[in-house]
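These are the structures, in structure tokens.
What follows is chain A paired twice: with chain B in the first complex and chain C in the second.
Take a look at the complex of A and B:
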């Protein structure tokens, strides 16, 4: 027992070193002014041009992506499980494709379409659509790209959640209690997928907040792109921002986890 | 809302259920092959049969989870074949534990009432009464994973009854439970069903369960009903060789028809019930173990091949000189007279027996 504990502490210590040393180095770099310690770099962040807009843009993109990918995948996967279990391998492979296709190839394809589209569609109403999805205030095209990139993670998270419950019996039990199809899905299946939904949301959030390649190459400026942009001019502050964004992401994940850890309010008991 | 009003409410609404020519194929397998069956109001009818005989498919069609290729499902004479499951007015208890894991027992029972938009206070009261009805008044706050299997099925039963359904469907609700809980729960289900007077369809592959609980038992085979009658009649006068073999234990002994209504078997002539056969035909005589007598007899041709202790009785398997085996029950007090290998004489009382064509195996 004692030996096992020693091992555990050893491994934990090594892992901590691996993560904490670079982090500590970043923190030191961002506060070390040569002769004194100053948090100047941190205090200037909020006032720096583009910080608020890029962070907000990244968060908006993340929320939209999570909403869209869950709206797409949850009904699809429940339907797959109930109606066509034989199609599961096919869907799994399709959903795993974004892992195999490098983002650079993906974005090359998207930008080709975006260039070709306006010319070809210039005389149709779709021209306006092509313009609208590239609105720099809220680039829908990025949401669409992120939905695709999040598919492998969301698929796996939901699949694990659905495996843990007997979807068919839950749906049928709800239906025999007078629940329509949407009600059965919302009130009997979804509450029991809470863990899986949270996992999927975590992964998607982390993906969107940290995504650089696609956003940069399509010419948009969410948070990750902004950090790289300012690093050339203000090295110390860009590191400060990275440290801060790490903390922000952590806080958000913790908040989501805390939200998920709560027992659901019991509808009848709480009202009656 | 008390139990007595529940009873009244259910009693006035007890429904007749009718299956008419139901047919359903899953790929190459025929699950239902023109099923015809009527369940009388307030009756508990057990669908009994080996796995794959179509009994679950029939139940799921009544629940609205499956749709027939042809045929109709009628409730009180009204065709409900096209009615979606959530408007069928049928409460169902499933084989596997089907409680909603995220809701406690009380909310599970109240789920249907919530779907019907019953006010919170009222549904809480009603759910509590139903839990009391199944003897779990103090477990309302427990979540499914904190309840035993038997308790979960009781909650499921309360949930199925919450909307005062016209029909109660029980899909092997006891098969996941251990023997002791099974026996108590089946008595309780029967008591509740009789108190509420609710038309009930009960699926089981356990003949003992079916015979002990049901008003009538329908034995199914290959998507059809072989026989539907009271447990006593099913046991004593099986309509077909399949029913005879499936319900209770049956030995087959070769015999020859002496006349249209008498058969010669084991060296004596006995009357035949049901459809006989032409004189001189070779038949199999079907014998229940309690209808066969054995006596130790050193001169006889039969030998004891095996004995099985069943409690009050001991079942003795006798191998006859022609190689076929007959099972006979003797009182356990006498079991010592029949050690394995002993020679015994097999006799028949003067009771009518059933015969089947030798080919109908």
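Take a look at the complex of A and C:
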């Protein structure tokens, strides 16, 4: 047993070292001015050109993506458990397909399609749609791309959540207590899926905030693209922003965990 | 349209079971429609473009496999093999280390530690991309903190190399493995270990004959997943090494943005198709394995 413990703490210690050192070193790098310590790189971030717009764009994209992907996936996944088990393999394959097409290949396809706009469709109403979804203020095409890229994660998160509960029994119980279908779904199924929903939202949020490939190659400039753009001229600031973005992600995660964790703890005594 | 039209009479005529089924697959339709548009069309466009050759002089297009054969020659082939090698090596290391870490965490008595590691894994597994590249540049890059402190440059250390990229990729691959393998490790029942011990098995025998066979599909599935993840990674490599290391993703990006030669867009699409084929093989291995491990751990 003692040997087992030694082994365990050795593994954990090495892991902690590997995962914490780059973070610590990044902080040191971003405040080290040679002979003194200065938080200049941090204090200049907010005033730097493009920071606010790119961050806002990334957040808007994230919110839109989360809303759309949950709106599409939750009803579909619940329905698979209730009335359409035969479609399960279909949805599973559809949600796994994005794993087969790496983002870089996906964006190669998207940019080909977007090029059809000026080449073939310039006289059709579709052309206006093409232009509209590429509006640099809010590129809908990125939301669509991110929804597709998030599908595998969201599928897995929701599937795990649904596996833990007996949807059919829950719904039947709610129905026999007189709940309508929407009530049964919203008040019986969704609260039990809170963890899965938060998990899915968080994975999507992290995906969108950090996404570089698609946005960069389609010529948009959300947060991750902006960091790379400034890195050439301001190495310290790009590291500072990277540190901050990880911190922000952590804070969001903790906030989500607190939101999701507190409520189920109060009504049930089965925690201990 | 037809669905809406036929709904009233199914509702009146059919049994309750039938009524429940109709909304069942209606709820799946929006998902399928959106993926067909947002994913199907670009995928078909890529497929079409990969086989289309455009004559520069006349502007006429024709179908041929020239792009594909071109994408499997010379620098493109080197890049493809470079990507496969990098992904295989880093996925193998991460599978092993991730298993150790997950095992250390799962068997721990401290619930808080477990939760913390799993939460951190969730964050770090998604910490790929740009911030990761910059964190490592700041740590082990040419003027990185550790490079300076430990004098690594004199010892021949170079972050912008194959081994450097492997080290960086492990940073998101190990957490991904922890997340993938933890459910499988939790599914190892204590009774199995007790039964093995009661029958006189040593710890090594238990692992050799009970735990590893049960874990094998999950481990292999995890490896394949990590391979795919490393294979598809672009942002980290792009932000770190530019295009100094031959990787297929960097080649595609170069060709797409017209950095190399005019008219290479379709070779980029052919390279993308190559990647899809590799990723497709990965998934063809992964999905059956996952189903198998799910059966054991149900």
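Throughout what follows, the second predicted complex is superposed on the first by the 256 of 272 C-alpha atoms of A that agree within 3 Å, B and C clash if a C-alpha of one lies under 4 Å from a C-alpha of the other, contacts with A are read in each partner's own complex, and residues count from 1 in each chain.
Following the convention adopted for this analysis, contacts are C-beta pairs under 8 Å (C-beta built on N, C-alpha and C of every residue); 3 or more make two chains touch, one makes a residue touch a chain.
Model, not experiment: these values are computed from the prediction.
Participant: In the overlaid three-chain picture, which partner chain does A:37 touch, first (chain B) or second (chain C), both, or neither?
Facilitator: Touch partners of A:37: none, neither chain B nor chain C.
Participant: Please work out whether A:46 is in contact with chain B alone, chain C alone, both, or neither, and reply first, second, both or neither.
Facilitator: Touch status of A:46: no partner.
Participant: In the superposed arrangement, does A:233 touch chain B (first), chain C (second), both or neither?
Facilitator: neither
Participant: Thinking of the overlay built on chain A, is A:191 touched by chain B (first), by chain C (second), by both, or by neither?
Facilitator: first
Participant: For A:113, decide between first (touching chain B), second (touching chain C), both and neither.
Facilitator: After superposition on chain A, A:113 lies in contact with chain C alone.
Participant: Output check: A:179 vs chain B and chain C. Expected answer is one of first, second, both, neither. What do you get?
Facilitator: first
Participant: Comparing chain B against chain C, which has contacts with more of the residues in chain A?
Facilitator: C
Participant: Provide the residue numbers of chain C that touch chain A in the complex, in ascending order.
Facilitator: Contacts found on chain C: 20-28, 30-32, 34-35, 37-39, 41-46, 48-49, 97, 100-101, 103-105, 107-108, 113, 117, 119-120, 122-124, 126-132, 134-140, 144-146, 170-171, 174, 228, 231-232, 234-235, 238-239, 249, 252-253, 256-257, 265, 268-269, 272-273, 275-276, 279-280, 282-283, 287.
Participant: With touch defined as at the start, can you tell me which chain A residues reach chain C in the complex?
Facilitator: Of all residues in chain A, those touching chain C are 4, 7-8, 11-12, 15, 18-19, 21-23, 25-26, 28-30, 32, 68, 71-73, 75-76, 78-80, 82-84, 87, 90-91, 94, 96-113, 116, 144-145, 147-148, 151, 181, 199, 202-203, 206-207, 210-213, 216-217, 224, 227-228, 231, 235, 238-239, 241-243, 245-246, 249-250, 253, 257.
Participant: Quick check on the complex: what are the chain B residues that touch chain A?
Facilitator: Where chain B meets chain A, its residues are 63-65, 84-88, 90-92, 94, 96, 98-104, 106-107, 110-112, 114-116, 120-121, 123-124, 127, 141, 156, 159-160, 162-163, 169.
Participant: Provide the residue numbers of chain A that touch chain B in the complex, in ascending order.
Facilitator: 165-166, 169-170, 172-180, 183-184, 187-188, 191-192, 194, 264, 266-269, 271-272
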